[in-house]
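In what follows, chain A forms one complex with chain B and a second complex with chain C.
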Partner chain A sequence: MKAASTISAILVFLTLLLIGADIVVEGAAGLSIGTLTDAVRDGGRAGGLGPIILSTVIVLAGSILFALPLALGGAVLKTELLRHHSRLARGVMGAFEVMVSVPSVAIGLVGWSLFSQWLGLGFSLLSGCLTMTLIIVPIMTVAFIGGFEMVPAGLRMNSLALGVTRWQTFWRQVVPSARPALAAGVTLAIGRVTAETAALMLTSGISTRTPESLGDPGATLAVHVYHMARHVPGGESMAYTTSLALLLICIAVHVALARLKKESAA
Partner chain B sequence: MATPTIEYVAEERTGESRIGWIALGALGVLAIAMIPGVLIYLLVTGSGVLDRTHLPTLFSTEWYPGEEIFGLVPLVLGTLTTSALGLLIAVPVGLGSVIFFRFYSPASITRLGESTLGVLSGLPSVIFGLFGTVWMVPIFGPSLLVAGVVLAMMILPTFAMLTLAAFRQIPKGTMESGAALGLRREQMIGRLALVVTRPRLIAAAGVSLTRALGEALAVEMVCGNVAAIPDGITAPVRTLTTTLVQEFEYATGAHREALHLVALAVVLLAAIGATLAVRMASKQVSS
Partner chain C sequence: MIEFRKLTVTACGARIIDGLDLILPEKGTAMILGPSGCGKTTLLKSLIREDLEDPDVHVSGSILLRGKEIRDRRFPVHRLRQRVGLVMQHPVPFPGTAFANVTFALRCTTKLDRTAIDARAKKALEEVGLERQHWETPAECLSGGQLKRLSIARTIALEPEVILLDEPSNGLDPLAAARVEQLITTLSQNRLVVVVTHDVSLVQRIGDAVYFLWPYRTGCRLVEEGPAQDVLDNPKEPETRLFVRAAREGASALVHGEELVAGLTYDVPRETCGSGGCEPDGCEPESSEPVRGSTGRKMR
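On to the complex of A and B.
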């Protein structure tokens, strides 16, 4: 058993090592001073990632902005408004947990059909933001619920016993002490949006031009990797450079999550 | 300054906000209704092809949208075979590596392993697709095999992290009594750890399966996209999800409606994995 498990562990390390080395070596070869800011030229064979990074930031900011109040509401519904351990409260929790695993491509198709076509948004960053909101709300809600439920009951009781209202207890005691878990939920969502491809290709499209408004289309980093590797002959080098940027973001997200986890355990 | 406390309380009492709670509750109801709404939308729009002319074609083995033949059989088969192959590779390797990290390796290697899994699990799936395109497609051709391996790389970290978490939650006493009974390490793993955590291991596999079934672009890059019953492991295949991303842009009329049905089929298949996961995860460890 020791031999077999050791080999498996080596395989895991080897996977990251191979993929990591491949991306770093090939990706670094395409790096230049202007990679982060320059426009995409020659269909992606030359130039930088400026517009792609801008689109990614817009989709990230937009979808998290839309999702925050919804996820907060979902979590409040479960932890503050419904009776604890009631069948309904457990049902709400179960529903959000199941919704986390609805394949994003299906939600992406609805985003395309509903937002891009029916609402007439076309391929646009706004359509991408709305679609990603549908995808990340359950993820954030589950994380928020976990955070609120970890708040010691004593904190709430002390506050209420002092005559502070429930509303203020929630905002001044519960939310601040659940802060690391809330931040972890947002970080998870950032990771999810950054990694998403199918749902965004269907809604915000594959355009590499600089978006001027939310109504313009724009490819995010992950969509750009796919588009370069699959549809642009000679685009592989840029696919690797874009992957390098994504790898760095993933490592940052991982480090942030590990920190927040430690913080919320303390 | 005679009665500061009373003033304070009086001021705070007005701080209750009925409207605030109602607003948050309404947002919460909206949050919970969104995804069911998405599913209903898929069903309503997709049901357009559930009429007498199109319904029988859904069960055919051919997908010719141009002739309005929407046989889901090859697509469902493509989804199931690629995901099953991915799971078949990821589960043993993932389980093995976690056993190593939990029971054999020094703490420093375990931490390194955890970080490795953490980073791998967050990588966008297209990166695995790119890796498969560059390193595996030239050797094996776009095929069921390469798609399965790419999916395995993609889901292994998720499966392994969930499994590691399950191992961590084994009650200390369980392992201690095993040691007190003089069990060897192999027996502690095989007869105790794996037995106690079995529901959660199945749950982890369910979550991983769900991710594999729903993956679209990483598979699209390496699977060959031929809508036919695969006749071998190196045959090109096409899945439900790859059909969506390839055809959505030019689909109109019945074809467009059929794609909604394809999306619904993806959700239904994934629901099997998800239900398995939630059911099993809620099972208490009996020790």
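On to the complex of A and C.
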């Protein structure tokens, strides 16, 4: 049993090492400080990733900003306002869980039809942000609900018994106690947004120009990787460089959130 | 001071308290005594309207605090809980230091400035005898006895008119229990302290008045009440006699009360809890204790 576990662990580690090594070896040559800031040239084969990184940051920040209050509201509704085992509470939870498993390309189609077509936003970063919001709200809500429900009921009651109101108890006791789960929910959402391609290709497009407003189209790093690898002859090298940049950004975000979690736990 | 009139409490379909009539005095130590699972904690929690937090608990009848109905919608529940402070059987530490635990409710419920809040917290911590070196310790690192004292400090810092204590010395070593008892005696000199317990010796040591409850098939009812010493020395009702004798003589007491003992079942009164929707915390913790009488004797 122990040997099998060790072999599995080694296999997983080797796979990760292989992926990491492939991306680093192929992409490191093209990566420099200039690559992170320069504009895209020659259809993406040359130049840097400045506009792509900017689009990624805008889509990431926008969708997290839109999703955070919605997810928090959904989690509060489920854990604080609805009767725990009521049909409505179970229905709300079931709906969020189903939404988590809906393929993102399907939500991308809805986003394209709803935001790009019906609201007339076209291929734009705003349309991408709103579509990604649809995708990450259920993920964040389910994580937040898990976090709030893990807070012992006794903590709430000990606070309420002192004459502290329900909302004061929620904001000052429940939320701080659930902070690690809240951070985990945000981390998952960030991972989903940075990795998403299909839904964003349908809504924010594949433009490599520097966006000047939320109404402009823009490709995120993951979309750019796909586009360079599949549709631009000679673009494989830049696809690897973009992958490496994406990997480094993901590691940086992960480390920052882990540190935040550790600090809040302390 | 506090008057229960025809108080009936049901939880998850089971009747826990059945039409209880009870008047508690202005000050002193009022001991609510009875077997585990007879509804003592439920009675205490009904005084701070915990039913509002648990939709599976239903309360009827009336509870008057200084003549005012606490179940009246016009009586804000957070104000009630500031006047009637409950120290739970299983206190849960809030995140943060012991000192922050005491200042938390003061910051939320009063308009005192920081200096006044700190002074009140300091006074409360000194009163409960929590050693100064533990004030800045994270509350979750405190021992059971220290946590119990901290939880009393959280409550008395708010200076409530009535203090409710649920099994205050449960799980404490004799020294820690003695400190808590000493504290209860001090606190009860100028206010009402209601103590729920199944410990007869505790009633003997610190009780001014005792109210003995018994779990009948139809729910808990008051069996006997009076000055603690009188009730314990000369119990009038068979249930009280059996209980006091069991506390003093152990197993041999059961011979004299076979009918009553046989009437107790070991079912969980709120067995639907969990599947039916009660919070686990709302269930009586001692699930293996006798909880329901089947004698159905008519009591006063």
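Keep this in mind: the second predicted complex is superposed on the first by the 232 of 266 C-alpha atoms of A that agree within 3 Å, B and C clash if a C-alpha of one lies under 4 Å from a C-alpha of the other, contacts with A are read in each partner's own complex, and residues count from 1 in each chain.
FYI, contacts are C-beta pairs under 8 Å (C-beta built on N, C-alpha and C of every residue); 3 or more make two chains touch, one makes a residue touch a chain.
If you're wondering where the values come from, they're calculated on a predicted model, not measured in any experiment.
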Contacts of A:94 with chain B and chain C, given as first, second, both or neither: first
Partner chain in contact with A:56 - chain B first, chain C second, else both or neither: neither
First (chain B), second (chain C), both or neither touched by A:241: neither
First, second, both or neither for A:253, with chain B first and chain C second: first
Which partner, chain B or chain C, touches more chain A residues: B
First (chain B), second (chain C), both or neither touched by A:161: second
Chain B versus chain C as contact partner of A:85, first or second or both or neither: second
Chain B versus chain C as contact partner of A:12, first or second or both or neither: first
Partner chain(s) touched by A:173 [first = chain B, second = chain C, both, neither]: second
Set intersection of chain A contacts, chain C complex versus chain B complex: 163-165, 168
Complex contact set, residues of chain A against chain B: 1-2, 4-9, 11-13, 15-16, 18-19, 22-23, 69-78, 80-81, 92, 94-99, 101-110, 112-114, 134, 137-138, 141, 163-168, 191, 194-198, 201-202, 221-222, 225-226, 229-230, 236, 239-240, 243, 246-247, 250-251, 253-254, 257-258
Complex contacts: residues of chain C adjacent to chain A: 48, 50, 53, 55, 78-82, 85-86, 88, 90-92, 94-95, 104-105, 108-109, 151, 154-155, 158, 276-277, 279-282
Chain B - residues contacting chain A, complex: 8-9, 12-13, 15-17, 20-21, 23-32, 34-35, 38-39, 41-42, 45, 92-97, 99-101, 103-105, 109, 112-113, 115-120, 122-131, 133-135, 153, 156-157, 160, 186, 189-190, 207, 210-211, 213-218, 220-221, 241, 244-245, 248, 256, 259-260, 263-264, 266-267, 270-271, 273-275, 277-278
Chain A residues touching chain C - in the complex, by the definition given at the top: 83-85, 152-165, 168, 172-173, 176-177
